[in-house]
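What follows is a set of structures to go through.
Two complexes are shown next, each including subunit A; its partner changes from subunit B in the first to subunit C in the second.
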Partner chain A sequence: MTTFKIGGVHPHDNKSYSAHQPITECPLPAKAIIPLIQHIGAPAQAVVEKGQQVKVGELLAKAGGFVSANIVSPVSGTVTKIDSTIDAWGMKMPAIFMDVEGDEWLETIDRTPDIVTECNLEPKEIVDRIAAAGIVGLGGACFPTQVKLLPPPGKKAEVLVVNGVECEPYLTCDHQLMLEHGEEIMIGIKILMRALGINRAVIGIERNKPDAIARMQELAAQVPGVEVKALKLKYPQGGEKQLIDACIGRQVPSGALPIEVGAVVDNVATIFAVYEAVQKNKPLISRVMTVTGKSLSKPGNYLVRFGTPLSDVVALAGGVPEDTGKIIGGGPMMGRAMNNIDMPANKRTSGLLFLPEKESRRQQPENCIRCGKCVSACPMGLEPYLLSKQAELAMWDEMEKHDVMDCIDCGCCLFTCPSHRPLLDYIRMGKGKVGGIIRARQAAAKAAAEAAKK
Partner chain B sequence: MKNLIVSPAPHAHSGDSVRKNMLLVIGALLPAYAVSVAAFGWGALITAAISVAACVLFEWLIAKFLLKEQPTIGDCSAILTGLLLAFNLPCNLPWWIVIIGALVAIGVGKMTFGGLGQNPFNPALVGRVFLLISFPVQMTTWPRPLGFATSYVDAATGATPLATLKQIVKGGDTGLIDQLPDLWSTFVGYMGGSLGEVCALALLAGGLFLICTKVITWHIPVSILATMALFAWIACPEGMCPGQYIGLTLCTGGAMLGAFFMATDYVTSPMVGWGKIIFGVGIGVIVMVIRTWGAYPEGMSFAILIMNACVPLLNRIRPKRFGEKKQ
Partner chain C sequence: MNLVVISLLILGVTGLVAAVLLYMVAQKFKVEEDPRIDEVQAVLPGANCGGCGFAGCRALAEACVKADTLDGLLCPVGGAPTMTKVGEILGLAAVTAEPKVAVVRCNGVCEARPRTSEYDGVKSCQILNSLYVGETACPFGCLGCGDCVAACQFGALSMDPVTGLPQVDEEKCTSCGKCVKACPRGIIELRKKGPKGRRMVVECVNKDKGAVARKACLNACIGCGKCQKECQFEAITVENNLAYIDPEKCRLCRKCEEACPTGAIHAVNFPARKPKVEEPKKEEATV
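So, the complex of A and B:
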């Protein structure tokens, strides 16, 4: 069976709680808060003013740089203020506050349920529409999608790798999207292949979703060049580098981007958004998110308009369970524990997971017994036991030599450690330090080169 | 809403623990131990009980009163050390020698370095080798396995197959070949030797169980046994068929116990696949050199301890990085 070659772990997938729950639309909030940072890169710049009336689909904030994304109004109503809000981790971030009035959309948006199959746009037009719609990678990284479609000079895309893996336990939103909107995703794939000027796409789906595999295979049979790969269950298969390895057998070198091996990776949810933007003229104003947990009364997959407070979505799913100890934004492997659920849904919120109190605490760490399980589990071929010790001892140079910058934060080391050592916590800290040192060195080298020119 | 717990990702754990691994290894030793009890009777029961009790007690005392820290006997590693030490002793060893062995194993072999995970040498083997050098007579008087003997100290003793082999290989005494046990009886057991080495079959079954439950990987046992077999095939003494010599090499002495249970000790073996293979090959070669040319009939303990010393060096071998090009 196909999978990525190095490391990986097998967490219990726990998807049964919300799997096959039809996508349900969440009602509009009375007040919406739209953060200006919903992507990797520069914050978006607000283009509306206090008191201004906006419709759904109107631009609220424009991309603040090459790597940035537009933010489009997900609701209609009045801008009440542009101020900072507190996110789910207690950090301040700039946001636009709106009073929601009705649900009035721009006339240019096609709201009919008809599926538009034909696309005869030029690649440039497709990329422009994607950029205008504010689409980012909805798998979790939130990297602006149009940037991936513009390979740097000298690099050529060959294969579109479609991420339908959803390797995070508990999450089922991509699975349900493939079942309900497979046809649109397939058109989205054709659009992206057209934009990239390529004729090959590989869709990777793990074997715990046999119905999605069957559905996508049936659809792919009608599209030349598109192939579905059923992948063996293993975390972190949805990691970009691991997915490319599993789907097309190419390994992206250390420090390089997927385009180095001719691959462009996009998540199925992103591709659905591309379809809507290009074919229906509908910008990215909502996403499907999984709200789940063992004790939740109505776990499911909810279509949520950005700006809706997460507490509204939770209420729809049956309210916060009594025994909740931890609320996680995303899945249990890479998601972040939140300290409140007042923050608004946005492009980043792929799921909400409620863990019972007894599963919320880590066990007491014991001595490292040098079993080497972290080394076997690391999908990047690193030595987590060593890196974490080096971080404890502030040996930054050694960490750099041992390739700490390759770490993808997947958490396999900590997941597998029988001594419950906080390996990734230390490695993450070390990675931050080493990254800073490398950037400072590059800046110094650049300054020295410029000084030499004068 | 009540206060939420916040911690960095990942929020899931495999459920693996040090204790679970130790208990699985202890469980894997039980079939072999059952055969030992059947073969040696009270001797096997008393020696193992003293050894385990002494190891746990010494670890608790040293942690509590010398290191003044919370004792970690709950992780069951001291029980395992005690059991492995007993497996490496003759079953009629006087009780006070067993206690000295336990003190050296836990005190010198483990706690001196800071407890579990810090020791460079396998503690049970440190204890055994200390006893072998200090009490050579008692440590090499092997009782014959005679079923449920009631008196354990006065058991009938005799030469082990390895001692006979030594005379053939080193002394060139080919007349003794007829006295060697046949392959099947060495495989299923009932030869003289250390408490835990009676039945190669039971040890092999326990070892395979550990590989299947992913407590250990195949690298170390396979490389040790393959190296020993290859060595035996090349250096087969005249007058013996290589098949018989290879079989005797793998089934007698500490080969199985060492390969599956002693050399695979997490703390004192390398972390990465290739390191483990080199470690195993090193052990295999050293064992056969000692068995063929050395003064002792068996060299498993020494071989493992010597290779333990090489582990920090072997840990410099890096695993294959993702996306690394072949040089």
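So, the complex of A and C:
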């Protein structure tokens, strides 16, 4: 059994609350709010107008650039306004507001439960369908999937690495998806292999999900070139670079993308969405999210149509527990505490976690004792104690030299620190600053080069 | 005995040779520097705050000596008296700038701005601003972690525990601008101190529509434009639902303060209002 080589921590997985809860469909809301930023990259551009009638599956907003994604209507009804709304952190974001009327779908979408196995499309057609469906990486980063399928010139994909790890504690949506829709995921893998022109895929699953491993192994036995790898438990195994290391033993160099070592990584939920888009013509309009917590009365895995207010999903799961101290969007390691639950569900919302008051307080930070635990925990081989101090002292150049841009925000350093120092808080702030400086430098260099040309 | 003499001789000769060598090297590589730089530096405050836009007092002194006029060169800490002294040393006319002071443009005190959540992370406005809207619903207002207080080298800023906002000690403020740079929300502005320190300020930077701004904070500027209509000197502009008083045009008549329905406009350092009867007397300032 393998795992990645550098760093990592072992948080308690706490998956028992919602594991094996069948995927339940959340009812449609009366009003839906569809944010225009649900992915990494440029915001989508709205193509509908106020008062327009739309059906499920119609295009609401088209991708605003190469790294961007379409947004398709998840509900049918009337567009009431295009304005800004408040996200879960109180910040403004542009959104399309809709009144939901019935549930009318475009006729081209295949809504039957039959599984379509055959796919004879050309790779280009597959990529086009994925782009049209607005599929993004549902593992967390929300990187537009079609971009990953178009390797830059000179680079060749060799292996598809499938992320069924779900290393984030508490979350169980991918696990349940593999159990209920394993067959579709396997077809999705075949489609992606066809699109990339490769014949090898490795599915990585952590061994705390033995039933999922067994199910996927049984299905993979019928498909040549697909292999299931049971992985040792270690966070952050679901990180792209860590997963490549764990599954195929290749190391992605600093600052490079997985394609550098011939790998393309996709999450099982993304692959399920690819199956639906390519075989059933159903765009990405819903996702499975885990709603969980120790005190929640009905923790589980819910299939939520985008645009549904999270408060509706919470109501379905039994309402906010009384002892709640913190609500986290996503898992406890990488997720962020939210200050309201009125935000609509979207491609980014992988989970909602309710932490009781006594677990949600941060401990008083003390002095760094130079124990170096954070250094051994960092899966990217960085020195968190140093980076955090540099960020505190605004030493941006030094931070860049010490590869702060390689930080994946996993939080292992903060988790492991015996002095409870807010390492990640500072590093993340510094990373933002350094990123801004690098972008400004690149823009200046580009402008200078263009001026020189003239 | 012999040993002592020999060691003394060797050390003495080595010392002499080294001294001569060092002297020659020093003569050969001597850097000619204008002696006035030292003189100018001596009259500068020596805080190295960078408020002048240079790396420190020495850099400003060098720039002053090199420059033909003192235009654009100003030590905000020392102000006019210091620049006059610099001018005397260099034989140049000092440019006198009006004294400025840091102004906190947020009056979202605790009772006006309800807390919507609690932030439990690092006490830093920088970090808080990159993650959340803050502990209240106002995405423009003061975050209250005190980055500006930490940035001030002159001890002129302090957090008021009652209002939750930073307070400027006008006596200590040198208008170096460090706090302006430290505030991630751009709330602090350097404004003209005004006659006797009197000035009119819109203490709000909320650009949301009126209803939204008001929901987040009772003291917010809602961009209603009443002050603009009231102002006879065209000193007030309303842009993006936010009023701004141009200190150059403002004549301190205080009419906008009365007109403001939310109390976002503040009259600073004015004496307490006298009863209505004596109103005509106070009009002096406006004419």
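Rule of thumb we're sticking to: the second predicted complex is superposed on the first by the 453 of 454 C-alpha atoms of A that agree within 3 Å, B and C clash if a C-alpha of one lies under 4 Å from a C-alpha of the other, contacts with A are read in each partner's own complex, and residues count from 1 in each chain.
In the analysis below, a contact is a pair of C-beta atoms (placed from the backbone, for glycine too) under 8 Å apart; a residue touches a chain by one contact, two chains touch by 3 or more.
Please read these numbers as outputs of a predicted model, since none were measured by experiment.
Undergrad: In the superposed arrangement, which partner chain does A:361 touch: subunit B (first), subunit C (second), both, or neither?
TA: It touches subunit B and subunit C both.
Undergrad: Looking at the overlay, what does A:334 touch: subunit B (first), subunit C (second), both, or neither?
TA: First partner only.
Undergrad: Please indicate which partner A:352 is in contact with in the superposed arrangement: first for subunit B, second for subunit C, both, or neither.
TA: neither
Undergrad: Would you sort A:226 into first (subunit B), second (subunit C), both or neither based on which partner it touches?
TA: Neither partner.
Undergrad: Which holds for A:251: it touches subunit B only (first), subunit C only (second), both, or neither?
TA: A:251 sits against subunit B, while subunit C stays out of touch.
Undergrad: Please work out whether A:418 is in contact with subunit B alone, subunit C alone, both, or neither, and reply first, second, both or neither.
TA: The answer is first: A:418 touches subunit B but not subunit C.
Undergrad: Compare subunit B and subunit C by how many residues of subunit A each one touches, and report the one with more.
TA: More residues of subunit A are touched by B.
Undergrad: Examine A:135 and indicate which partner it touches, taking first as subunit B and second as subunit C; both and neither are also allowed.
TA: So A:135 meets neither subunit B nor subunit C here.
Undergrad: Thinking of the overlay built on chain A, is A:91 touched by subunit B (first), by subunit C (second), by both, or by neither?
TA: In the superposition, A:91 contacts subunit C only.
Undergrad: Which partner does A:432 reach: the first (subunit B), the second (subunit C), both, or neither?
TA: second
Undergrad: For subunit A, what residues appear in both contact lists, the one with subunit B and the one with subunit C?
TA: 89, 336, 339-340, 360-362, 425, 428
Undergrad: Can you name the residues of subunit A that touch subunit C in the complex?
TA: For subunit A paired with subunit C, touching residues are 86, 89-92, 336, 339-340, 360-362, 422, 425-426, 428-429, 432.
Undergrad: Which residues of subunit A touch subunit B in their complex?
TA: Touching subunit B: residues 6, 9, 11-12, 89, 169, 241, 245, 251-254, 256, 320, 324-328, 332-341, 353, 355, 357, 359-363, 366-373, 375-376, 378-383, 385, 402-403, 406, 409, 411, 414-420, 424-425, 428 of subunit A.
Undergrad: Show which residues of subunit C lie in contact with subunit A when the two form their complex.
TA: Its residues touching subunit A are 116-117, 120-122, 124, 126-127, 130-134, 137, 139.
Undergrad: In their complex, what parts of subunit B are in touch with subunit A?
TA: By the definition above, subunit B touches subunit A via 1, 4-14, 16-18, 20-21, 72, 75, 114-118, 217, 266-267, 269-272, 318-325.
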